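In what comes next, chain A is part of two complexes: it sits with chain B in the first one and with chain C in the second one.
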Partner chain A sequence: MVETYARLLVARLRGQFSYRTSFTIEVFAEALVQAIELAAITILFSHVTALGGFEVHEVILMYAISSTAFGLADLTAGQLNELPNYIRAGSFDMLLLRPLGTLPQVMVADIRLKRIGRTLFGLAAMAYALSHNDIAWTPAKVALAAAAPLAGAVIFGSVWVVACAVCFWLVEGQELANSVTYGSNAFTSYPVTVYSGWLRRLMAFVVPGAFVAYYPGLALLGRDDPLGGPAFLGWISPLVALAAAVGAGLVWRFAVRHYRGTGS
Partner chain B sequence: MIEVRELCREFTVTTKVGRLRRARTKVRAVDSVSFDVAAGEAVGYVGPNGAGKSTTIKMLTGILVPTSGHVRVAGVDPSRARRDLARRIGVAFGQRSQLWWDLPLRDSFDLLRSIYRVDARDHARRLAECVELLDLSGFLDRPVRQLSLGQRMRGEVTAALLHGPELLVLDEPTIGLDLESKERLREFLADLNAQRGTTLLLTTHDLDDIERLCPRLVVIDRGTVLADGPLEALRAEVVPERVLVVDLEKPSEPLTGIRGVVDVRIELGGLRQHLTFRKDETTAAAVIAAVAAQADVHDLVVEEPEIDDVVRRLYARR
Partner chain C sequence: MRAYVHLALAGFRRYSTYRQAMFAGLTANVVFGMLRTAVLVAAVGAAPVAGYDAASAVTYVWLGQGLLAFVVLWGESQLSERIRTGDVVVDLYRPWHLQAALLAEDVGRAAYAAVVRLVPPVAIGALFFPFRWPEPHTWPLFAVSAVLALVISFGMRFILNCTTFWLLDSRGVRNMYEVSSGLLCGLIVPLAFMPEWARDVLWATPFPYLIQAPIDVFLEQGPQWTVLALQAFWAVVVLAAGNLVLSRAVRKVVVQGG
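Now for the complex of A and B:
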């Protein structure tokens, strides 16, 4: 089963490498966009010494984890942005004719490998941040540093699935979905302490954006949560990711059932 | 192979009424349709645009869930066992592709083998067969986007057959094809049905497809079945007239007064005459004998009604 999806992905990759120069430029452009965002953070720190109680390298660590996670999610779940087109053109019906699940089929229907620029930059920023923060390394923390971007990618992917499932009801719902997915990336790039009130609660725990970079970041840095959360929150991102994935799977199933029941 | 009983499918249509108010109305795209298709049959499912053909096909293939009614295809309920069904039937849409646009045709077939988990030897055997019969060898390594419509359609049909389905569902398979491509495809499908025993269900606007491929016709309009039966029986029932065209040795006055003949039209100053007679009142032989008694006949032919005519009259009868 996994082999089938892998083959589908490889097939898409081969299609893309036929346009090699534009590919290189696009990867570079993606990385550049990320670099500018990071530059914005450092410029901000030339005026303030702390942001939401965190100093510059700590913020960069959270930014880097979030950026890597979002880059990885974008590589696979990003294809869900095409869902309205698939529905409109009837190609979603073709996916229903195959003996495979619809969600993985949509995710591997194409892969925009140029988005790897974002992931690569995120990894570079992570390497920088991990070496410029005073981290008391333990085997558990090494594992967490590796797991955090992956768990974050699954959380982002789940958000993506839920947001895009809206398109089964509203074919014009893509704008709404984008504001949720890209908006949650903007949220997770900074410590949640810079936000306040209902927005923080919504984005941190309902979406579960705080588990992408904020809590794992705290655990890596060995800091207490300024908001008073217990320390174990920094270690449970993989579990949160699992729960998010299951939830997203259920939402998708419900949405497809709706489509087959009342779709055109 | 297919069992459909009292099948209904409603859609909710929202229309604007006034500035902000919206009215929701329910439209029945398929209204109490029933028919059976036995294994090995070839059935044409025809009707005008918007008659409910595609909606029925989508319910048969598990894409859409019926509002009410009973469907069994290859022994399973399509809406519940979508994936199971997908392995047992092949579907090809004339206007949608299941191939990978920028990959060579051969690679699409490889991917499908993996998706349907077809045994490598079975796959190779079926592919070799299709390559030969559909003459694919010239463009097997070309990306699908560079194929002509006729080539692509042959690819689509092959793609639908590689997992060895018991039933092949074709939605407008010959739409947009040139005459030669149409003929080649029809010939292939006719052989598939006759020799392999693969059950065929096809929707089409091209009645030549039906004439060539489908001994049986199900006609649908506005969501309900208008007629179901062998093409010949429908012809006899709906269009009881036949036309005898005779070429005479010498021009003659219209040959009137023959029993059972309801209309006479002359051409070439009376050299060629079209005699329309009712099949239930007389026979072609009797009319020919009566004509021969009145004039010297050079040549003659009995015209069967065109299938378009049959369907048109069925629609008109409502």
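Now for the complex of A and C:
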């Protein structure tokens, strides 16, 4: 079965390399999206010394973890943005007939390697942030630095699945889903202390955005949580990711069971 | 002339049928408005930065969230698609000027967008956050500025779409425009926050006249009449350039018999 997915994937990738110029421009454009967010952070910090109690390199670290995680999630789960088209055109029925899971099928259906641009830029930003912050490295922290973007990617991916599952009920709901997925990316690029009230509760804890970059960032920096959270929160992102993935899987199953074709 | 009025009305009606899409787009604007407000207020909350205190930062964010849908900063490829498929030939045969007809339609669309995409975010900003209202005499100036921003935006989108005549696929070009315009026109951070060299460069391009200029007029920052005059100048420049590009392209179009 793995072989089947691998074949589907290789076929998709080969197709994309045949338009080399277009591919290069698009990779560059994707990296630029992420670069502009960094430019915004830098411009803000040319006027202030701290945002939400964190100085520039600390914010860049959180931004970098978030960017890398989002880039990886976009690469795999980003394809779910096409779900409304599958539903509208009726091609989702075709996926249901095949002896493979619907979710992985949608994910590899048209994987766009150009999205690697975001991930690459995020990794570069991480290298910069990790070398410009004063981090007391231990083996555990090395593992955390590697695990945080992966766990973050799983969290973002789960958010993506749940948000897009809404399209089974609301075919025009794509932009609603976008405001949750891309909104989570924007949210997690800054320390959660910047936000307040229900916005923070919703985006940091209901959608577990705080576990993408904020808590792992605190643990890496060896800082206490200004919000008073216990120190172990910085280390449990992989568990949160696992829980999010299980939750997202259940939501997807529930949504697919309630799927009725558009009748066209 | 009457044809263009009808086109504008048709534009208004056409966009008023996409209710769900409108609501979804508005939700996205509002969510990002909340996030951007939090970040910007965290930056200027303690002490004003470059003339922005908390109230003007909030006003800046929510006006920007509304204006981006009103002027259509992103995602328009209708003409480009028609050029790619060859349908544009039909458009060129119609008894009106293609650029003027599309502008009329866009004005109609924008009239609808003003009600459902520009006013609601501004209302939300004003209801839930400290907001900075202008003097009464600023209102008509802001309206003119917003309309000029729309015309400039239309002109730039028209030229971008027309590149399809030569490139056959203008996705790359449009992509770069969409990615960079947010920063260049002052949507993501106020232009006043940027270093001096960047400000000098950007104000020499049409970009800031799409978003930052109408916001400056609303916030009464800088000489309003000068801003309006420069917007009018850029509107004429981009429309004339678009017209030139179109006439060049028309000479190139080969209609294949069919």
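Quick note on the criterion: the second predicted complex is superposed on the first by the 259 of 264 C-alpha atoms of A that agree within 3 Å, B and C clash if a C-alpha of one lies under 4 Å from a C-alpha of the other, contacts with A are read in each partner's own complex, and residues count from 1 in each chain.
Following the convention adopted for this analysis, a residue touches a chain if its C-beta (ideal position, glycine included) is under 8 Å from a C-beta of that chain, and two chains touch if they have at least 3 such contacts.
Quick caveat: nothing in here was measured; it's all calculated off a predicted structure.
Student: Could you tell me if A:Val48 is touching chain B, chain C, both of them or neither one (first, second, both, neither)?
Tutor: After superposition on chain A, A:Val48 lies in contact with chain C alone.
Student: What's your read, chain B or chain C touching more residues of chain A?
Tutor: Between chain B and chain C, C touches the greater number of residues in chain A.
Student: Does chain B (first) or chain C (second) touch A:Arg14, or do both, or does neither?
Tutor: In the superposed model, A:Arg14 contacts chain B only, not chain C.
Student: Counting only touches as set out at the top, which of chain B and chain C does A:Leu97 meet: first, second, both, neither?
Tutor: In the superposition, A:Leu97 contacts chain B only.
Student: For A:Thr4, select first, second, both or neither according to whether it touches chain B, chain C, the two together, or no partner.
Tutor: So A:Thr4 only meets chain B here.
Student: Given the touch rule stated above, what does A:Leu221 touch, chain B (first), chain C (second), both, or neither?
Tutor: neither
Student: If you stack the two complexes on chain A, which partner ends up touching A:Leu233: first (chain B), second (chain C), both, or neither?
Tutor: neither
Student: Using the touch definition from the top, say if A:Gly261 reaches chain B (first), chain C (second), both or neither.
Tutor: Once the two structures are laid over each other on A, A:Gly261 reaches chain B alone.
Student: Please identify the positions on chain A that touch both chain B and chain C, taking each partner from its own complex.
Tutor: Of chain A, no residue contacts chain B in one complex and chain C in the other.
Student: Enumerate the contact residues on chain C facing chain A in the complex.
Tutor: That would be residues 20-21, 24-25, 27-28, 31-32, 34-36, 38-40, 42-43, 46, 49-50, 169, 171-172, 175-176, 179-180, 182-183, 188-189, 193-195 of chain C.
Student: Flag every residue of chain A that touches chain C in the complex, lowest number first.
Tutor: 21-22, 25-26, 29, 32-33, 36, 39-40, 43-44, 46-48, 51-52, 170, 172-176, 178-180, 182-183, 186-187, 190, 194-196, 199, 203
Student: Going by the contact rule at the top, pick out the chain A residues touching chain B in the complex.
Tutor: So the residues of chain A touching chain B come out as 3-4, 7-8, 11, 14-15, 18, 89-91, 93-94, 96-100, 257, 260-264.
Student: Quick one: in the complex, what on chain B touches chain A?
Tutor: 11-12, 58, 61-65, 79, 82-84, 86-87, 91, 93, 95-98, 100, 102-103, 107, 110-111, 114-117
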